[in-house]
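There are structures below to look over.
One chain, chain A, appears in both complexes that follow, with chain B as partner in the first and chain C in the second.
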Partner chain A sequence: MSARAPSRSDALLAAADDELILGWRDSEWTGIAPSLEEDVAFSSIAQNEIGHARALYELAARETGGDADALAFDREPAEYRCCPLVELRRLEWADTIARHWLYETADAVRIEHMTASDWPELAGLARKIQREEAYHRLHADMWVDRLTGGEERARLAQALQGAWPYALGVLDGALRERFRERVAARLPWFDAGGDPGAEHARGAHTVELRPLWDEMTMVRRSVPGAQW
Partner chain B sequence: MIWEVFRQEREGAAFAHAGSLEAADEAFARAYAHELYGRRNESRALWLVPRGEVCTVDEFVDEFERNYRRVDGYSLKTRLREARERAGTQPE
Partner chain C sequence: MTSEAQFLEHVQSGGVVEAGDPMPDEYRALLVKFIAMHGNSELMGVLPERDWILRAPTLQRKLALTAKVQDEVGHAQLIYRVCEDLGAPREELLDDLLEGRAKFHNVFHYPTRTWGDVGVIAWLIDAAAIVSQKALLKCSYAPYARIMKKICWEESFHILHGRDVILAMMNGTDEQRELVQEAVIRWWGPIMQFHGTRMPPEKDLVLQYRIKTKDNESLRQEFLDGYVPQIRELGLEVPDPALRYDEGEGRWLYTEPDWDELRQVVSGHGPASADRLDLRRRMRDANAWVRRAVLADAA
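And now, the complex of A and B:
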């Protein structure tokens, strides 16, 4: 392993873990989304996120050894690099849309940054992911536009405020500021100030990760080493 | 609001009615159609039409049973046999 390998695969794992855990959370709406059409659309987005996670894990596995499944399922919850935002279980549609929109907006900034990576495999993968994420952003934007236009705006604003400190924990430094600018530009009425607390930043985990992990890894742990 | 969805499978192929979906506006209709009829790469393009914009023609009176104007009203097989009998020619 080269000297710079740990840091670049760390960033990769962070993105992969975000996509896996959010994909899992979004898939919790399958069967109970507000309409049949939304059910299919949101489940499809969840599947896409998990697909992106797999591609990112495969690239990470080439750096660190092991395989994508081992990275996805064989670590302890504390070893995951996902941000607390994606761990939150939010079975209230306004909360889900708020989290979805904030995450997609932050993720767009991150993916753009990855496309400029000097690691050609990562830059190429980021461009592929970007083409699918465009539809996720379209979906998130249309929901936010719709909920902003009517009497639901107060409910959305409340949901955005609740998720905001966590959303600030998705990215660091210059990328976080770029994310903040985009939120402010799109939602001028929303207060996009502040900083994430330690409990919102990457590295911290919420108590909601453990039950998710238990469920997500249950089958794999039931027969270690089985090929599915 | 109900939208009728037409799907094109291959370039140059005719758009065929694929089904319908419910969506509040065009942005939702586009997003939902994309996932419902395109997520498996089964479509090359889609047409979305609000159901209210579809012009329906469904009255076809036929008071005088002019079945000769319908393809099912003219049995070529029977006519051919009769003509052959008149001419005295039968196929081998």
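And now, the complex of A and C:
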């Protein structure tokens, strides 16, 4: 990535990196989800996220050069623009559902915003992504509604609290406030106040990104420049 | 003639059996054991590949591998439903699997070491599996035969994906070709054991009841017919100096597979058996509260 003033492709890369890294985390459930149905569901969501990442990278590559794979795999970890929320390893179901729901809620706000972009290709792509993300939100909503009994509610509440500062780091300014309003409206029992710390906001990375990147790129790095 | 003999004659002459039809206990028990092993294999077959979804070297490969593995889980789901209709609940089958009381295919007891393994599994192991599965399309138990159509259709895409992964590597660098050759060497033994020992057909009850329609050796020969020429055409060596097609006998000759290894492995003593079952047990226990929550909702 060249060092230059923020451009319209920066926001695109941020969204693409979020989708790639979250898709990667979703794939960690493959084969070990709580039920076969959820295994299939998370696999399907992971495929959508990776597919969205690819489409966003392709659009970004028109401005930055390179191709989608190079953007996805050939940057150093510090160059990724994903938010810390998606980097977190959350291989516990309540944590996964909390992150899933918070991310999908924030992502809906971001995609709505993108559909109004004056960059026609981005607006068109955002409308396409929006159609698929609607199903992710239905899935996330279903789980939030389902985990309402005593033990489950306590687990979900704790998981939401843990993820909340990171969730506030997905979006900035007016979009963040719109996200906060939606969370408060949907979960009246949850305290949606506060601000993200520097370590929760986009631009910071958690210690969990490096091992993820090591694993994600290990085959590709093993024979540099090869076709796979 | 007893009703059991009539049943046997019915299925042997091409008759089919539906879920609600009367059937001998022996047939039902054989079906559950056979079909559950298939379901278990689809499910355990996810584990050798799951790590490589995370390591896939391009976005396209990542998408294809995720879709393939998702298919396998979907197959397990379909297959366990067939078992459920036969009176074996999914939870019970899963417990049997995790506690080592049920079996799964030998090839899923081995570790995957490189991206070459990912290609060889999707290409050759899925090819060996589809040969077996096609022989189930005419299974006497109609509900199983029906889902096998969908399964075979999807598996044929997995083979194409596997072949594409292999072709990309064979057209790549020396290092990549070496990864493929090493993987073929690593997997050849388990592949040759995959279809099982040469059991005389008259002693194989699964065959007698026409649950499967071809004996083990015929399946192995069919696999060799289809794939040895393809392997060699790509410039890969099969690690068996005795492997050759004998025109006179009209069949492939090969070094006797290591049947002791097969017996060891499928009884849960393969190099990755314990780790894989342990991972599943840990996740079952960690996720137990989720299943309780869902079941409470359903009640």
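Everything that follows uses one rule, which is that the second predicted complex is superposed on the first by the 219 of 228 C-alpha atoms of A that agree within 3 Å, B and C clash if a C-alpha of one lies under 4 Å from a C-alpha of the other, contacts with A are read in each partner's own complex, and residues count from 1 in each chain.
Methods note: a residue touches a chain if its C-beta (ideal position, glycine included) is under 8 Å from a C-beta of that chain, and two chains touch if they have at least 3 such contacts.
Remember, it's a predicted structure, so these values are computed and weren't measured experimentally.
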Could you say whether A:Ser35 touches chain B, chain C, both of them, or neither, answering first, second, both or neither?
both
Per the contact definition in the header, classify A:Arg146: touching chain B only (first), chain C only (second), both, or neither.
both
Per the contact definition in the header, classify A:Ala68: touching chain B only (first), chain C only (second), both, or neither.
second
Should A:Tyr135 be classified as contacting the first partner (chain B), the second (chain C), both, or neither?
first
Just checking: does A:Arg155 make contact with chain B only, chain C only, both, or neither of them? Give me first, second, both or neither.
second
Going by the contact rule set out at the top, does A:Ser44 touch chain B (first), chain C (second), both, or neither?
both
A:Val219 contacts which: chain B (first), chain C (second), both, neither?
second
Determine, for the superposed model, which of the two partners chain B and chain C contacts more residues of chain A.
C
Interface residues of chain A shared by chain B and chain C, listed 35-37, 40, 44, 146
Where on chain C is chain A touching in the complex?
43, 46-47, 50, 52-63, 66-67, 69-70, 73-74, 76-77, 80, 90, 115, 165, 168-169, 171-173, 175-176, 279-280, 283, 286-287, 289-291, 293-294, 296-297
List of chain A residues in touch with chain C within their complex
24, 27-28, 30-37, 39-40, 43-44, 46-47, 50-51, 53-54, 57, 68-69, 72-73, 92-93, 146-147, 149, 151-152, 155, 215-216, 218-220, 222-223, 226-228
The answer for chain A against chain B in the complex is residues 35-38, 40-41, 44-45, 135, 138-139, 142, 145-146
What residues of chain B sit close enough to touch chain A in their complex?
21-25, 27-28, 30-32, 34-36, 39
